[in-house]
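Two complexes follow with chain A in common, the first pairing it with chain B and the second with chain C.
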Partner chain A sequence: MNLVLRLAWRNLWRQPRRTWLTTGAMVFSNVLLVFMISLQFGMYRLMIENSLQAFTGHMQVQAQGYNDDKKMRQTVPDIVPLASALRSQLDSDEVAARATAFALASSEERSYGIAVFGVEPRFEPHVSSIPGLVREGRYLDSNEAPEIVIGKVLARNLRVQVGDELTLLGSGRDGSFAAVVATVVGIFDSGVADLDRTIAEMPLGLFQDVFYMRGSGHQVVVNAPRLGQVAELKQRVAGLLPEDQGLVVQDWDALLPGLKQAIQADISSAVFMYAVLVILVAFSVLNTQLMSVLERTHEFGIVLALGLKPGRLGRLVMLETAMMGTMGLLLGALIGGAVTAWLGIQGFTMPGMDEMGAKFNLPSRLHPDVTIASLLSGPAVVFLFSLLASAYPALRIRRLHPVEAMRSA
Partner chain B sequence: MTAVRCVDLCKTYRQGDQDIKALDHLSMEVEEGGFVCLSSPSGGGKTTLLNAIGGLDKPDSGEVYIAGERIDNLSKGNLAELRLHRIGFVFQAFNLIPVLSARENVEFVMQVQGVPASERREKSLEILEEVGLEGLEDRLPSEMSGGQQQRVAVARAIVSNPALVLADEPTANLDSKTADGLIDLFKHLNEHHGTTFIIATHDQRVMAYAKRLVRMLDGRIVEEIDQNAA
Partner chain C sequence: MINTLRILTMLAWRNLWRNHRRTLIMLGAVVIGVWAMIFMTALTMGMVNDMIEDSISALPGHVQVHHPDYLDDPNITNLLPLPEEAIADRFRSAGFLAWATRIKVPAVLSSERESRGVTLLGIDPQREEAMSFVDYSAVEGRFLEGPDDAGIVIGRKLAETLETELGKRVVLMSQDPDNDIADRGFRVVGLFSADVQAYEEQYVFAGKKTVQDLLRVGDRVTSIVVLGDDYRDVEPVFAKVSALVDDGVTVSRWMEIDTYLGTMLRVMDGFVLVWVIVIFLALSFGLVNTLVMAVFERVREIGLMLALGMKPSGILGQIVIESMMLLVTGLTIGNLLAWATIKPLESGIDISVVAEGMAMMGAASVLYPQLRFEDVILANTVVLILGFFASLSPAWRASRFQPIEAITRVN
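Showing the complex of A and B:
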């Protein structure tokens, strides 16, 4: 080993208790950071995946401006052939056309305003988890039949069951009166209160007849195999769209800005907490290295007298911190990664999870998701801030005068 | 050729309300291969003079030349370079790096000088043998006696063959036998390697060997004795 490395390493162990305490603070904060970041980003992934899987999808083809102002007239023409073409060109079944309208849904006893979606029964299960969440009856199986599936909360509010009829009243695309009587064939329970209370699905063919859509619809939902591939697929889909129809592709963060904002707000508060933790560790390192430098003032005086330049001495102090930081990083990432991976397999619960689960369709047990980024990002920041903290004692050495330094005890 | 030349050096320290003249218009010259002992009562200015010659402290006025090069106006970095390559220091209190072994302490200066590892090792073992520490190379300073530590300090000071060695009370903490050994070593280096020595000391044995004795008082040279001529 290089003599300077050996010197730095042995200097660390002149005060083993102090070195272990400082390294321990680094390890503790690194374990905490690995766990928290893995949990946080695991939860975000689940929130996004579950929210998108439930209904919205990774991206939607829409008419320009529809996402900001959902007017019924802003349609995608010939939506079923377009969805079919995309399925074949993308070689994927995860493409489905939809149309949307607001309607008054009336049972024998009550009426509620709801959002009605016309869907392709054959392809909707590939882009939405709702068909798989039908708990009573069945999902739609015909593109024309006067059938409807509704959420569990809506069914309770309207006091209807499978087999009952609902009357829907609304406005057609051309502003005319739209009305239909449909039989409730299924009741779904998504676990997301908003969806279960306000959404109903009917076959797209029936929807287009009732609401005078003339073959058009409002959105073609497209899912990517993984969330990380959305940007790439979005570009591909945009390239496949007919150029003269003013169609655009909106990805999930444009479709659900609230979700992204909620995640950003959560990240901001978490970053503040992490910053406090990192700064505390940095101060611990500063304290250790400052004490270590003050204790060795006499010795530094000697090596300065021998001809070592103050800058090189400063680098020695930084090297000692880097060694301590590397131990903290490796041990922290190792212990943090092992504990988090174990919790990722076992899962665990936290107070308040039920409420959050209901809001974002999350499972009741949490499974942190260890990735290279979650394993190393926190410890790397701790490492860098530790080095930064040791810059002050290192710079202090530059002011040392060999004669005065050698006079100190 | 002149190894060291000091011209009209002045240095004043403030101690409480008093100004203490550590160097008072002092001038002196030391020839290459010289062996000069500085002696004075405590506070007479010999350590201040050594510090000024070694570039560890700057005089308030006057000029210091090492091998013809003026050094009192050099920057901190250039002074460090000068000390690293041309001057060896031996301090009263040994001043070894406690976490490095005897060999590593000697190697340390060479590492800073950029000497390759194999050469460092070879030279450090050779010099430790020369100062009589064969077999003790891997001991830490805490595992050695005062005399052995001072020998390591001397080995560290001379391993790079500096033209000038400045020693401040090198025998003060040594028993007489060890001190004699150290003086013999200095003699050997002076006679065989031509190393110039300037030693601040009260030790009569060191003074007895010196080619030239310089007595100082209140920062001035009050007596110079050329023992070669005597």
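Showing the complex of A and C:
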């Protein structure tokens, strides 16, 4: 082993209790950071995936302004041909057209205001999990038939079952009166309360007739193979759109701004907490290293008098910190990773997770997943700030005068 | 005894400042830790408090009375089995902070251009002023004037979506108890704004009498809403309301109606404790380290004191007192710093960049930190108690030194 390394290592163990306590502070913070960061990002990923899979999709082609106002007449013209053109050009089935309107749905006993969607029964299953979640009856299968699929809560509130008829009253695209009687053929249970309570789906062809859409619709949903490829696919889709129709592609964070912002708000409060932890560790290191430098004033005086450059002594102190930091990093990442991985397999829950999960589309049992990033990002920051904290004691050595230093006790 | 304590205290205080750099660094860590505990707690509690107050003002009230099926199926058929007069007779003299009867049912509101599903509230505006989320005086146009007002008041955001404005007509559709469509034109007389934007899209207000006539329900209502003094303590109101109503109805506390918020309140109270303890643990490594160093430097002098006849308990006390002094000083400065940073923020922190995210969590886009006395006490108590235990180990070790060995030890 190199001489300087050995010197630094031995210096570290002149006061084993102190070194262990300082390393302990690092390990404590690192374990916490690894666990929290893994949990957090695992949760975000689930929140996004669950919210998007259910209905919204990764991106949507819409008329300019529709995303802000959601007005009936902000339409995408000739939406079915557009969707099929996109399908063939992207060589993907995960493209489906929709149109939507608000309507009063009446059963024999009850009436509720709902959002009705006209969907393409053949392609909707590729972009939304709702068709697969039909628990009673079946999903839509024809593009024209007067059939409707509704959410479980809505079915309960309307007191209807598969086979019953629903009357929908609303206004068409031109503001005229629109009405249709449709048979409930399926009831879905998505687990997302908002969807189960307020959404009904009917064939797009029927929808366009009833609401006077003249071939238009409101959104073409396009899914990317993975969340990470959304930006790239968005570019491609934007390039394929016909010009002069004022169409735009909105990706998921524009479609569900609340989701991204909820995540951002959560991240910023988490960053504050992590920062406090890291700073406290840095103080611990500063204290330890300053003490260890002050203790050695006498000995530093001697080696300086023997001709050692103060810079080398400073580097020695930094090296000691780096060694301590490495131990903290390795132990922290190891213990943190093991604990997190174990909880990832076992799954764990917190009090209140049921209610919070329902709000953010999360399961009530969480499985944090350990990734290289979640394992190393926190400990790396702790390591960096520890080095930074020991800069002050290391620089103090430059102010030592050999003779005075040797005289000190 | 008192004298010994005085000497120990003086010794401890002087010892603390023998190595002022180390003490100052440790003090800095304690100050930052305590500041972070209190600051973060104030932000969290502020957010939870806003969420709950907003939500309670939209429910509204702390306790509500409904037909047993209403909460699951908020429909006009699930009316309270009591005529309004009978309710008023019982509630009038019960001494609640505020109470009201209302009709709350789903409906569809249409302008000439758009339709939206909304929640229709048929209210008596005078009765609800104290508990509503709508600030009557800030309504554009005017708020409802009485239970038989013929106008409708809708949210600003809803007016924008429906492309309607003050003075224009809108059509309201709902059902009567026989499931016949009940619809009626209303003139928009007022536009309200709300802290939580979703309320502006969801709720529309009309006179209670007008709504009763429209829905053909006579003098019946769907809900009684009652406001108490403190949302954290609703049991007295709950008991009083339960005694006033008959068996055939359900009385619910706000945390049963809005389970998400009820849970949030509990979870956040727990979170605050966890946060305080985590910060303390991070601090404790430094604290113990400082004490270990302090003892290590003074081995010979501790040995001398023991040799001169100081009791081991004196040594123990001296070091524990030294540690507590450090913590108390840190706590004092940390508390002051927290107070000084929270006070100027109490007028509200604008977090509207993430407004829609906060709305998803159920919070408004302005955060009002809430510095609660009990949270400050909690943080200080945790630090002092755990600090005491953390300093016991180095202090115990020091008090067990063998005088001879200690005096002759060479550093």
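A few remarks follow.
Here is the rule we go by: the second predicted complex is superposed on the first by the 409 of 409 C-alpha atoms of A that agree within 3 Å, B and C clash if a C-alpha of one lies under 4 Å from a C-alpha of the other, contacts with A are read in each partner's own complex, and residues count from 1 in each chain.
The working rule: a contact is a pair of C-beta atoms (placed from the backbone, for glycine too) under 8 Å apart; a residue touches a chain by one contact, two chains touch by 3 or more.
It should be emphasised that the depicted structure is a prediction, and the values quoted were computed from it without experimental measurement.
When the shared chain is aligned, chain B comes close enough to touch A:11, but chain C does not.
In the overlay built on the shared chain, the residue A:183 is in contact with neither chain B nor chain C. In the superposed model, A:29 makes contact with chain C only, not with chain B. When the two structures are aligned on the shared chain, A:377 is found in touch with neither chain B nor chain C. Touch criterion met: A:258 reaches chain C, while chain B stays clear of it. Once the two complexes are overlaid on the shared chain, A:305 sits against chain B while remaining clear of chain C. Shared contact residues on chain A (touching chain B in one structure, chain C in the other): none found. The part of chain A that touches chain B in the complex is made up of residues 3-4, 6-7, 10-11, 14, 298-299, 302-310, 312, 402-403, 406. Residues 21-22, 25-26, 28-29, 32-33, 36, 40, 43, 73, 75, 77, 106-108, 110, 112-118, 160-161, 163, 173-175, 179, 181, 259-260, 262-264, 266-267, 270, 275, 278-279, 281-283, 285-286, 288-290, 292-293, 296, 351, 353-362 of chain C touch chain A in their complex.
Residues of chain A that touch chain C in their complex: 15, 17-18, 21-22, 24-25, 28-29, 32, 69-73, 101-104, 106-115, 156-157, 169-171, 175, 198, 257-265, 269, 272-273, 276-277, 279-281, 283-284, 286-288, 290-291, 294, 350-352, 354-356, 358-360.
Of all the residues in chain B, the ones that touch chain A in their complex are 51, 54, 56-57, 76-77, 80-85, 87, 89, 91, 95, 97-100, 104, 107-109, 111-112, 156.
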